[in-house]
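A, B, C and D are the chain letters, set down in written order, and residue numbers restart from 1 in every chain.
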Amino acid sequence: MPIDQLYILAFGLFCLGVVSALLTSERPKMTNILSHGLAVLGCIATISLAVSVFASGGQTLVFQFDAPLGLIKIRLDSLAAFFLLAFGIVGTAASIYAIGYSREYYNRRYAQLAALYNLFLLSILLVLTISQVVAFIIAWELMTVVSFFLVNHEYEKNANTGAAYLYILMTHVGTAFIAIAFLLLASQAHTMDFELLKTGMMSESLRSVVFLCALFGFGTKAGVMPMHIWLPEAHPAAPSHVSALMSGIMIKTAIYGMSRFFLEFLGGGPEWWGQLVLALAIISSVFGVLYALMEHDLKRLLAYHSVENIGIILLGIGAGMVFTSKGMPLLAGLAWIAGFYHVFNHAVFKSLLFMGAGAVLHSTHTKDVEQLGGLIKKMPYTAFFFLIGAAAIAGLPPLNGFVSEWLTFQALFFLPKAVAGILGKFWAVILIALLGLTGALAATCFVKAFGVTFLAKPRSAGAEQAAEVPWTMLAGMAGLSLTCVAAGVWPQWMLGILEQVVAGYDGINTAGLFDNSQWYAVAFETRQAGGVLTMPVVVLLIAAGLLAAIVFARWNGVPRKVSGETWTCGIVPTARMEYTATGFAQPIRRAFSSVLNPVDEIITDKSLNPYHGVKIRLHVHVTHYVNELLYNPLKDGVQNLAQYLTGIQAGSLQLYIGYIMAVTVVVLIISTRW
Amino acid sequence: MELLTILLLLAAILQTRVSNLRLAINIVLVQSVIVAMACVIIGIQTHEVHMFIAALLTSAIKVGIIPFALYRLLPYLHEEREIVGREIVKANFSTFMTLLSIILSYGLISPNLPGVAVASTLPAAVSLTLIGLFFIMMRRQAVMQIIGLITMENGLYLFGLSITQGLPLIIEMGIFLDVLVAVVVLVILTYRLKLSLESTDTSLLKKLKG
Amino acid sequence: MYELILLALILPIVTGALSLLQTRPAALRTVNLLGSTAVTGVLFTMIYRITQENVYSTEFFYVDHLSAVMLFVVALLTFTATLFSLPYMEKEVKDGSISELMLSRYYALFNLFSFAMISVLIVGNLGLMWVAVEGTTLASALLVAFYFNRDALEAAWKYVMICTVGICLALFGTMILYYAQATAGGAGYALNWLALRGIAAQLDPAVVKIAFIFILIGYGTKAGLAPMHTWLPDAHSQAPSPISGLLSGALLSCALYVLVRNVIIVQAVIGAEYPQYLLLGVGGLSVLIAIPFVLAQHDVKRLLAYSSVEHMGIITLGLGVGTPLAIYAALLHIVNHAVAKSALFYMAGTITQEYKTKNIRQIRGVISVMPLVATMFIVSILAITGSPPFNIFISEFMIIMSLFANQQGVLGGMTLLLLAAIFAGMMRYSLKMGFGIAPAGMGRVEVAAPAMTAMGVSAAILIAGGIYLPPLANSVLLQAAKIVLGG
Amino acid sequence: MSTTILLQTIVIVLLAPLIQGIVKNTKARLQSRRGPAYFQPYYDYAKYLKKDSVISPTVSWVFHFAPYIYFATAIGAAAIVPTVFTHSGVKFDNLFTLVYLFALGRFFLAAASLDAGSSFGGMGGSREMFISVLVEPPLMLALFTVAYSADSTGLSAMAAAAGALPVSFSALLAAVSFLMITVAETGRIPVDNPDTHLELTMIHEGMVLEYSGRPVGLIFWASAIKQLVFILLLVNLFIPWQPEGFTSGLFAATWMLFKVVLAAVLLAGMETSTNKIRLFRVPGLMAAAGVFSLLALVAQ
C-alpha cells in the first residue's frame, strides 16, 4: 500500500475510533470493542507506515493538502518514522490492554474516555508528522488538551483535577516557549514550512535564544528536571492505559521536537548548548531516580522514573550536540543513536511497567505498594511481565535498557575527545559515575517496587483478593515484554534503523559507524576509538552460566524440598513483619539526606488506651527542593504580587478618572516629544 | 465675548468653593446661560442661522430641563451636602488646581492651534473642560459630580464654538440629546442611590474592587 | 439597501415599544423572539448585500465590509442574547430577583441598546458615530443598574461617569478633527468619513495628531483598553448575564470599530507609525493589566470581564502591528472573542443563577449539577485562553505571528508569556468551579432549551471556527482588512 | 579463542573457593587461630550441594531462580574478566557489561531476599542495594581512569594498556581506590562482615539467610567467584606490573596467581586490622575511594 494511503488509513481509523465511541455511548461493551479495536488497527497501520518508510530507504515523503489555514504539509522522514514506530508498537499494546483495563470505567463516562483515547492517538500521529509551524502547534496543543481531559477523567477525586491543572499549566507555558522558538525561526526564514525553517539567516545570539526556548519549551513537556513537577502528578491521575501512552510516547514527542530543532532547524551550535543539555540531563536522571525511590505510590514512582529516563536520553543527545559542535560526526552519530535507542526502549518498558501497575491497580484497587505483596502468586503473568520491565528499566542485560545505557556510557566515555583538557575528563567521568549511580539506584528502586508489590505475603485485604487480569491486558504486556527482549538480545536491526534516522543531518555521519560483519557483535569503530557490544554473547554467557548452575545443583539428583515457615524467632510470621518499601529505601534516604531532607513525623494516636501505650504511625516524606525553592516561592510571590496589584482597581471613581487624565497627559507629553 | 469668557471662568472658580447643592446648580445654570449667550454672539458675528438654533437648544436643555431635573431631585436629597474639609482635595487646593488649569490652558494650548477665529475663548473652553474633570475627581456628592459633567460638557461645547463655529446641526442635536439623556439617567441613579444607600455620597461606592 | 437600514433601525425600536406595552411573559417572549429574529435576518441580509455591492453610502449612512464584520457580531449576539434572556430573565422573576413589571422594561432597554449599537455601525459620520456610542452607554447604563441594588448602582454610576468622561474626550478629539477638516476646506461634508478620507492628504498633521490622542483615549475608554478599563469589570459583573455578554462581545467591539474608523483617517494623514506605536502600547498594557486580576479573583463574572480587557488588548496589538495579516487577524479576533465571551457569560449566568452566588469559592462541582454546561464552560475557557484547536487560537496566533514577522519579536514573546499567565488564572478558577463536589442540596438541574441553544450555537462556532472558516467570511474579512489599511 | 575462554572460565570457577580458603585461613592465622584448611570451601560447597533445602511456603519462583541467575552472572563475569589470555579478534569483554552482569545477579538476589517475608532478608537486601549504589560511582571512576588511558572500554585492551604504563603515582592511587571498592563489593570488613550472622551487622549474609542446601551452595560459590573476579580486575588493571620475562605463557600465569594470592592475603590482613564501620559511614569510605580515583585522573 502506498505510504500516503497508509497514512490516511491510520488517520481515518483513529477518527472512526472517536466517532464510533460517541455513537455507541449507550452501550459501553460495544464502544470498548469497536473503538479500541479501531485504535489497535490504527496503530498497526502506523507501524506499517513506519516500516514502509524505512523499507524505502529512509526516503522522505511529503504530501500536502489544502486547509483553511493554508497548506498543511505532512512529511514522513526517517526521524518521524522512528518515533512513529515506537508510537505504533506502544499504541498497539496499550490499545489491546485498554480493552481489558477500561472495563472499570463502564459506568464512568465511558464513551468520552474511549473517544478521547482515540483522539489522543490521533493527535500524537499528527504531532509526529505535521511539517508546518501553525498546524504543528495546533496538533501539539490538541495533544495537551486531550491528555488534560484524560488526566482529569476521574474528576471525582479533587487531587486529579489539581494534577490536571498543574499539567496543563506547565505545558501551556512550555508551549509558549515553543511558539516563540518557532516564530523566531519562521520570522527569519519567512516560511512556516519545517523543511525551509533552517534556511533563515540568524545571528548567533538569536540562534541561542531559539535554542533555549526550544529546550525549555519541549523540556517542560518531556519532564526535564526543574520543569518536571507536573509529571509525577499527572501520570498517576490518568487511567493506566493512558499513563502508559503519556509516559511512553507523549513525553517522547517532546524529544522529537527537540531533535527537530537541534538536528534540523538549528544544525550545530556552540558547545555550551550541548553542555547545558548534559547538565540538565544528569540532574534529571539522578534526582528523578532518587525521588522515585522515595515514592510508595506505584504510578508516581514510575512517573519519576520517566524523569530519570528522559535524563538518560538527553545525555546521549547532549553528548551528540557537543560532538557536533567540535566537528566529530561519527561520535555525534553514536551519541544521537544512543539517545534515540533509549527513546525507543523507554517507550517500550515504561509503557509495560505502567500497564503492570495498572493491572495491579485493576485487581487490588490500590497503587500504594505498602498495601500490596504476594501478588506473584495471584497474578503470575502480570508479575512476570512487570519483572521483565523492571529488569529492562534497571538496565540489566540482556534486555533493551542495557543496550541503550551501554551506548550512552560509550558516548560519554568519548566526551574528553571533544572537550580537551582536564575539565573534559572530569566532566566525562562525573557524568559516567553519576549515570552509574543512576543505574544502581534504579535497580534498587525496582527491587523495592517489584519485591514489595509482588513477593512475600499480601499486606492488605485488597492484595489478598487479587486475581489475574483479563487476557487482553496480559496480551498487551506480553507484546511489550517481547519487544524488550527483541530490542535487547538483537540490537542490530534497531541500530540499522537509527543509522538511517540520524544520517544526513549536518555534522553527523554514520557511514561505517557500526561494523555488523559478525553476527554476534555490534562493533563500532570511529577514527578515534571503538567499542564492542555483544548481546548474543552476553545471552550465551548467562545461558551457559545457568546451565552450569543447574548442573551443579542437580549433580546429586533432584533435591527434596522441605517446606518450613520463614523463621521469625518463633512467632508465626505475618505480613506485618515484612520489610516495607519505606524501610527498604531508608538507607538511601539517610545517605542522601542532604539533598532529600527527609522529615520523619511520628503520629501518635493516644485515644485508644492511655495505660497500654499508644498506636504510633511513622510518616516519612522527603523535601522536593525544586518545589520548596522555586515553585512555591514563585507561586506565592505571583499570588502576593497579583493581590497587591489588584489595588489598581481600588473602587474609587475619582482614582479611575485620575487614570484617564494621567494617561492623557502622558500621551500628550510623549507626542510632543515624538 | 471677552467679558463672557471672564464671567465663565469666574463662575467656574466660584464653583470650587461651593458646598451647597442648590447653589452649585445655580452656578452651573449661570454657566449654561453664558454659553448660550456666546452662541448668540457668534451667531450675530457669523450670520449663521444654526447658531441661533443651537443657542435656543442650549437654553432649552441646559438652562431649562437639566437644572429643572436637578432641582426636582433636591427635595429627596435633604441634608445632603458636600462636607467642606472632607473632600478628597481641600477646597483651597481645588481652587488652586482650577487656577492652574486656566493658566496651563492659556499658556500651552492656544499657541498650538493657530489661526482660530475666536482664539480668546479657546483656552477658556479647554480650562472649563479641565475644571469639570477636576470637579468630578474632587467632589463626592453625586449631584456635584453631575454638575462637573455638565461643566465639562459646557467647556466642550464652547470649544467647538470657538474653533469651528460649532458642529453641523444634526450632530449638535445628537449631542444635546445625549447630554439630556445622560443627566436624566444620572438623576435616576442618584435617586436610586438615595433610596438604597440613604446617601448620595459617592465615596461610599467603593465596594466593587479587585 | 436603504429600506434594510431603516428596517434595522426601526425594528428594535418597535420591538422595544411593544415589549413596554406587554406584561404577560408569554407575549413578551413571542414579541422579542420574533423581533430579534427579524432584526438578525435584516442584518444578515444587509451583510449579504454588502458582499454583493461592496459599499453603500448616503449622506448619513455608510456600510462597507468593515461594518459588515461588526454587524455580524451584533446580529449574532443580539440573537443569542435574546434567546438566552427568555428563560434566564423569567427565572429571575420566578426567583424574585425582579418584578414582572421590570421584565418588560428589561426588554425595552435591551432593544434600545441593540438599536444604539446597530446605529453605531451604519452611520457614516464620525460625529454621529460619537452620538451613537454615547447612546449605547446611556441605553446600557440602566441595564447595568437593572437590579437596582447597591452593587448594581455603584457599577452603573461608575460606568456612566467614566464612560461619559471618556467619551467627552473623544468628542474633544472629534471636534479637533472637524477643525482640521474645516481648515482644509472640507466643511461641506462635516465629519463625513468618506469625505474625510478623501481629503486626508490636505489635513494638518499636527492637529490630527492631537485629535487622535483624544480619540484614542476616548473610545479606548469605551472599548475597555487599559488604563481606562476600570468601569468594565464593575459593569460586566453587575449587569444581568445576557447583558454582560452583549456588553463584552458587542459593545466593546462597536467601540473598537469607531476607533478603527478614526485610525484609518489618522493613518492617512500622519502615517502609520505613530498611531501604531500608541496602539501597541495601549494594547500591551491592557494584556498586562488584566493579569493580576485574573490571577487573584473572587467573582466569576469579573474574571471574564478582565479577560475581555485582555482580548481588547490583543486586538489592539493586532491593529497596532498594522500588517495586512495582523489587521485580518484582529478583525477575526473581534468576531471570535465576541462569540466566545458572550457564550461564557451566558454559561456563567446559568451557573451563578443556579448557585445564587458569583463567588468562585462557593461554586463547586458544576459538572455534577449541569454536566453539559460545565463541559462547555471548560471548553470555552480553553478556547478563550487561546488553546488550539479553537477559533480564538487561530486569530490570536496570527496576531502574535505578525508581531514576530514585523520585527517585534520581544513584544510577541512577552505577549505569549503573559497569555500563559492569564491561562493560569482562568484555568485555575474554572477548574475549581467545574469539578469537585457540589455543595449539599444541589441536585442535577435541567437547563431550558433556548438558553442551551444560545450557548450551544456559540460553542459550536468556537469549535468549528478553529477548523474551518467559510470562504465568504474569509473574503469579507479580507475586504475589511483592506479598508482598514486604507485601500 | 573460545577454548581459551572456556579454559579461563573453568579455572576461575574452580580456583575461586581456594582463594576464599586462603583468605579465611590467613585471617585466622593473623588472629592467632589455626583456621580452616585452604581447601575447606570445596568441602563446604560440595556438602551444600548435596543437601536438601527448607523452603518457606511464602516464596515464589523468584526465590528459587535467584541463586541460579546469581551463579550464572558470576560465571559470565569469569568469562570476560581479563587474565593472561589476551583475546584477539572480537573484544566483547566490555567493562560496562561486566558491571551490569553483577547488577543482574544482585537484582535477583535482592528481590529474592524480600520473597520469604522476613525482616532480616529485607534488611539485608536493602543494605546490599544501598552498598551497590554507593560502590557504583567510585567503581566507574576507577575503571574510567584505566579505560581512559587505554582509550577503550574493552577489559583486555585496558589490561594491555595498563601493563604498558610505567609504575606511577596515579596508578597507585587508582589501585588503592579499587582495593576499597573490592572490599565493599565482596562484602568484607570494614563494609560487611562475611563471618557473622548477627542481625545488626550482616548485609550479604542477611540477604541470603532464608536459603539452605543447594541454593546456598551456589550462592556462596558464586560469591567466591565474584571475589576472585574483582581480585583479578585489581591485579590486572590496577597493579598490572610484571617483571621482565614474565610477560607471556605459563610464567605470566604463575606471576598472576602470585599476585592474586598476595591480594587475598592483603584482603585478609585488612580485614583483621580494621573494624567493621557503621553502615552510614560507608558513604564516606566510598567517597574517599572516588576522590582517590579522581586524583588518579588528575595525576595522569
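Keep in mind that, in the parts below, contacts are C-beta pairs under 8 Å (C-beta built on N, C-alpha and C of every residue); 3 or more make two chains touch, one makes a residue touch a chain.
Every value quoted in this text rests on a predicted model; they were computed, and no experiment measured them.
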item	value
Centrality ranking, top chain (CA atoms only)	A
Two chains joined by the most C-beta pairs in contact, as defined above	A-D
Computed distance of Cα centres, chain B from chain A, in Å	69
Inter-chain centre distance, chain B versus chain D - centres from mean C-alpha coordinates, in Å	99
Chain C and chain D, separation of their C-alpha mean positions in angstrom	78
Approximate Å spacing (C-alpha centroids) for the pair chain B, chain C	31
Touching two or more other chains - residue numbers and ranges from chain B	133, 136, 145, 202, 205, 207-208, 210
For chain A, residues that touch 2 or more chains besides their own	646, 649, 653, 657
Residues of chain D whose C-beta touches two or more other chains	none
Chain-chain contacts as defined at top	A-B, A-C, A-D, B-C
Of all residues in chain C, those that touch chain A in their complex	157-158, 161-162, 165-166, 169, 209-210, 213-214, 216-217, 221, 227-228, 230-231, 233, 274, 278, 289, 291-293, 295-296, 367, 382, 387-389, 393-394, 397, 400-401, 404-405, 407, 409, 412-413, 416-417, 419-421, 423-425, 427-428, 431-432, 435-437, 466-469, 474
Chain C partner contacts - residues on chain B that touch it in the complex	112-113, 115-116, 129, 133, 136, 142, 145, 149, 152-153, 156, 159-160, 163-164, 167-168, 170-171, 174-175, 177-178, 181-182, 185-186, 188-189, 192-193, 196-197, 202, 205, 207-208, 210
Of chain D, residues touching chain A in the complex	13, 49-63, 67-69, 71-76, 79-80, 90-92, 94, 96-97, 99-101, 103-104, 106-107, 110-111, 113-119, 121-123, 125-127, 129-130, 132-141, 144-145, 147-148, 151-154, 210, 213-215, 217-218, 221, 279-280, 283, 290, 293-294, 297-298
Chain C contact footprint on chain A (complex, rising order)	68-69, 134, 137-142, 144-145, 152, 155, 158, 161, 164-165, 168-169, 172-173, 175-176, 179-180, 183-184, 186-187, 190, 638-639, 641-646, 648-649, 653, 655-657, 659-660, 662-664, 667-668, 671, 674
Residues on chain B engaged by chain A in the complex (per definition of touch)	88, 133, 136-138, 145, 202-203, 205-210
